[in-house]
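In the two assemblies presented below, subunit A is common to both, partnered first by subunit B and then by subunit C.
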Partner chain A sequence: MKATLRALPFIGPHLVIFAIFALIPTVYGFYIAFTRWNIIGEPTWVGFDNFQQILFEPESPFYSQFRSGLANTLIFVGIAVPLLIVVPLLLALAIGGINDRGANIFQGVFYIPGLISVSAGALAWSLMFNRDFGFINNVFGTDISFTTTQPWAWVTIFTLTVWAGIGGNLIIYRSAIANVPEQLREAAQLDGAGSVRQFFAVVLPSIRFPLLYTLVMTTALSFNVYGQPVMMTEGGPAGTTTVLMMDIRDLAFGDGPAIAGIAAAMSVMLGLVLMAISAIQFRVMFRSSDD
Partner chain B sequence: MVNPTRVVATVCAVAATALVVSACSAGEEESGEVTFWNPLTGADGEFMSTLVSDFNGQAEACVVDFQPIPADDLYPRLYSVVNTGEDIPELLLIHGPRVTEFGGAGLLEPLASLQEINPELNRDNYLDVAWDAGVFDGVEYAVPLDLHGIVTYYNADLLADYGVEHWLDDGIVTTEELFEVEGQLPDGVYAMPGLFVPAVVESQLFNVGSEFAPGGELDLTQQAMVDIYSDLLALDEAGLIAPEDSDDYQVFNSGQALVFPDGTWAISNRNSIDGLNWGLSYNLQADASSPVNMLESHSFVQLIDGGRSEAADRCAADFLEYLRLNSAYWGEAGQVVASNVAFEDPAYSELPQALLTNTEEARSTLATGEYIYTSYVMSALWDNSQDIVRGRIPVEEALAAMQNEVAGKIAEAEAASGN
Partner chain C sequence: MTDVMQVKQAGVEDATPQSTGKRHRSRSSVILLAIAMTLVTALAAIWIIPMLFALTTSFKSPTEIAFSGFSLLPANWVAENYLALFDGVSTYPVMRWFGNSLVMSTGHAVLMVVVVSIAGYGYTRMRFPGRDVLFFVLLAVSLFPSVVNLIPLYKVVQTLGWVNSPWAMIVPGVATAANIFLVRSFMSGIPREMDEAARIDGAGDFTIFMRIILPMIRPILIVIFLFAFTGSWNDFLWPTIVFNDISNMPITAGLQLLQNLFGDYTALGQLMASAVIAMIPTTALFLVAQRYFVSSLNLTAGLKG
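Right after this comes the complex of A and B.
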């Protein structure tokens, strides 16, 4: 009891912030998912009606909206997460081979885009991808309408995502790789392992915890993607890059009376998908630690 | 040792001073402060900021605090302050369709209280169509500031170069007329950019005598919608609409498009472009015999707020009266001012947008959407128009999807509001 009281001043501020900005909104969001609400009046309890509409009623516009939004979100997660893991890992390996000063400079260069707002970054990349006067079409001599044709629309989104997102993971991987025991590498070398073999047999197993941590965090962030498609493609062409967060935002805070119940139900479903995937990832992580 | 006589004398002196101060205060009028939320974040915000400063400079016991907020943030924030009852602004500028939305939800204060303070804030002193945009279910909620919307800018030099000056003989450019330059334009020159296709579609629907909900029932799959979109699709297929990812402003401003359906708010900016010989006509019409210019109002409203002081109401009424009498300057921002006083100002009649109001015939072309779910419809138009016009989704298929989407939203909204 005494120990709990002693701990309270230390964890208290965090608990208060967590309760105000995470716990209460989450619980309230769950409640709203079971109501019909236009944000103005009192929510009306409708049980599972909202979930019924988005999951089992093909004639409802929210059914197709949810499926399409979730499918596009999964496409984004399925491609962005591997890119955000592999690219910084390769960069960490590459700059690990040069001297510390140079490595720090490169690390800083790769980290800076993460400090720039998505909107500002998207504007810069929109200019780069512009069909008429963009850098990319001019350099390659092409005439591609990047943001209005597929698969280029996705390419612009992934480019912005990787550019802005590799810095954080890069720092974690550099630190983890630096902590791999040198004697393990030397032992592998003595056994005749080349650099590729060393990477898979020594480095990768040694950094599996940071790797899994970044995998879980990157996956969670990727499911909440919003800014990149809004800024680069506005969800087009033909809604092929409209992710679920865009639909949720549009329903809850778009033009016209709010449809907050359906939006909250979509949020809950997105959260459940994310929780399921995170649970699988954690299971893999803990199974690895038992080995 | 405390001297009792001195204490009594001091207390008396303090009491007397307090009496004098309070007497003076009672003689002064209570000061009114008006927090003024509005979506004027662009160049028009600078014009309004100037008007507010001018008003504050001459007003007594009244200060207006100009707070521009991007529309995407403004409207969700309104729901928030209404629910909490905290920080409700004393005066609000909103887009016309929101009057019906907020009025229908019972959030707006009827205008009667401000009219009691200043009876000049009445229909007779404003453009009818602008005033009507602030009326919902027979109740007046809003004082209009302006009307704004899409008109057609034309490049006079290009019209001459391609021999189509006759487009302007009746002052009206139609979709059909644009086909006259098919096959005549060099690479990189277009009949028009397609940025504001949704607003063109809305206007043309009224132009051909229909509306989004004929008879009160939403119908986005009606033949008129099919025809309007089909014509625009044909324009694009003929290479007459600038590519989708063009910088449409740049296309027109640099002399690469004959006409440009663009907002009235772009007038002040376009004035600053050297070498562009431009003019203004009605919005692109489908049928020249019955032109319609669909516009949207900026309307002043007050949210219901029991905590608002009488002084704040007086201040708000004074500010609205000041704007009514000094609206001609607002016209320089490119807006069609709503106050009749402006029309009597010779300086205003020289502005390009005066073509929409300078004759009774012109005024009869003006319209604002009264359909309560216009916001849902326009959102669907903005989401889908480029896909239709660029041929990515067949017209009928896209319209059916839009109908389903908007009808679904309406059903939810009506169920939530208990209708």
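Right after this comes the complex of A and C.
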């Protein structure tokens, strides 16, 4: 009892904040997925009705909304994740060959956009892609309405995403590659392995754990995509870049009465995907720490 | 997180990546390197151009943009877009947003560092019944994706009367357990003999924390401060939910409203000036504290740098 009282001033502040802003909302988040709720009044229990609607009832408007939101999110994840892994990996290899000073400058250039907010970065890129005053149409002599026609709308979203998203992975890969034992590479070189062979035979296996770590983190982050489509295309043209987080936000906090139960059910579905990913992450990391 | 716990404080202070540049190179690898350098330089240019173009556009006068169309550099460099923002005569209160963001991000980062460092001390240096169970609960709850608690979190913040208040940006994020893990793993590298010795000399927990632990965990607290500040500064979804009063918004949420101004070409200069202003604090932090950003990324990926 005395020991608890002594510890309370230290752990108490965090525990209070944790209970109010993490524990209660998380439990409540699962609960309201099984209710009809407008955020203002009391939720009414409806069992699995919300899940039934979004998953199995084609006549429900939320069924098609969930489908297309999920499909667009999967398109984003399917393209963004490989880009966010391969581009920084190639960059790390390339700048690994030059001296530290030069490499640090390149690293800074590629990392800084990651510290710029999505809205500020998107304003800069919106100007780049602007039809009349944009850099791209004017330099290449084209007249494309990038943000309102497909596939360009996706191109603008992926451009912003890759521009802002490669820095962290680049830093991790660069350190990982620098940590590859020099003897391994020399041995491969003596065996007559060229640069490409060395990469696949020596470097890639040596950095597999940081690679897996970044793959899992990047995938989880990509499923949560929200800001890039909101800022670049507002989900258009014709809803083709409207991702699941945008649907969730609009249902719960958009204009008109809140449909928080449906939104929460969608959140739980997205949450299940993310939990599966973090389960993989844990396995990967426990294995890597045994390594 | 297990990796984080195992990598002791050694990783943070001296984790600048070392180049392995000095080695024998064959002729083909020299050519490969030259090609690679050309591509990297081209890519770096692409990375810089949007920021540069935003910057040069922010120094063009509205009339120049409207009548001369596209040009990379301004014909006349004018500061009027920035002056309009500073004087508050622009359509939106951008400088006010900037001030709001400074208050919120600084407040959040300071609160985070204080709360997390004392909690880290509690979980590593103090013994009390149920400690490990409690820590396990923190771990388990933090595994649930934040998307699930988004809607109820709004309800909680609304109940507290924090809609449109800076507190909505300062407090909720501190609930995370991730930073406690980070501090906890860092502290476990500090020999316990040091606290024991101080305790024999009659020091209490508060003194031990302030005099012995705090100075030694400074590097990890700097990292936590930097990431809390930049994370809060750049947070986008949450502030667009909890702020509907334009004058109380942080700048990241405010800039979304500016997207509408793209229809008005005379406003482009002010629009870019606003974006540039929003970019300054986090970019500046990176320039002065690059090694902390680099080492903490390596630390969380389980690398010693």
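To be clear about the criterion, the second predicted complex is superposed on the first by the 251 of 291 C-alpha atoms of A that agree within 3 Å, B and C clash if a C-alpha of one lies under 4 Å from a C-alpha of the other, contacts with A are read in each partner's own complex, and residues count from 1 in each chain.
Convention: a residue touches a chain if its C-beta (ideal position, glycine included) is under 8 Å from a C-beta of that chain, and two chains touch if they have at least 3 such contacts.
Note that the structure is predicted; figures quoted are calculated from it, not measured.
Judged by the touch definition given at the top, the superposed model places A:47 against neither subunit B nor subunit C. By the touch criterion stated above, A:62 is placed in contact with subunit B alone, subunit C being left untouched.
Contact with both subunit B and subunit C is seen for A:132 once the two complexes are overlaid on the shared chain. In the superposition on chain A, A:226 contacts subunit C only, with no contact to subunit B. Judged by the touch definition given at the top, the superposed model places A:145 against subunit B, while subunit C stays out of reach. Of the two partner chains placed by the overlay, only subunit B lies in contact with A:262; subunit C stays clear of it.
By the document's definition of touching, of the two partners only subunit B reaches A:238; subunit C does not.
Greater residue coverage of subunit A by touch, when subunit B is weighed against subunit C, goes to C. Of the two partner chains, subunit B is the only one that A:36 touches; subunit C does not reach it.
In the superposed model, A:192 makes contact with neither subunit B nor subunit C. Of the residues of subunit A, those at positions 39, 130, 132, 253 touch subunit B in one of the two structures and subunit C in the other. Residues 36-41, 44, 59-62, 65, 130-132, 145-148, 235-239, 250, 253-259, 261-262 of subunit A are the ones that touch subunit B when the two sit in their complex. Residues 3-4, 6-7, 9-11, 13-15, 17-18, 20-26, 28-30, 32, 39, 91, 93-100, 103-104, 106-113, 115-128, 130, 132-135, 138, 163, 168, 171-172, 174-176, 178-180, 182, 185-186, 194-195, 209-210, 213-214, 220, 224, 226-227, 230-231, 245, 248-249, 252-253, 260, 263-264, 267-268, 270-271, 274-275, 278, 285-286, 288-289 of subunit A are the ones touching subunit C in the complex. Of all the residues in subunit C, the ones that touch subunit A in their complex are 1-3, 6, 15-21, 23, 28-29, 32-33, 36-37, 39-40, 43-44, 47-51, 53-54, 57, 65, 69-70, 72, 114-116, 118-119, 121-123, 126-131, 134, 137-138, 141-145, 147-156, 171-172, 174-177, 180, 205-206, 209, 230, 233-234, 236-237, 240-241, 251-253, 255-256, 258-259, 262, 265, 268, 271-272, 274-276, 278-279, 282-283, 285-287, 290, 293-294, 297-298, 301-305. Here subunit B touches subunit A in the complex through residues 72, 75-76, 79, 82-83, 101, 105, 107, 243-247, 373, 375-376, 378-379, 383, 386-387, 390, 392-393, 401, 404-405, 407-409, 412-413, 415-418, going by the rule given at the top.
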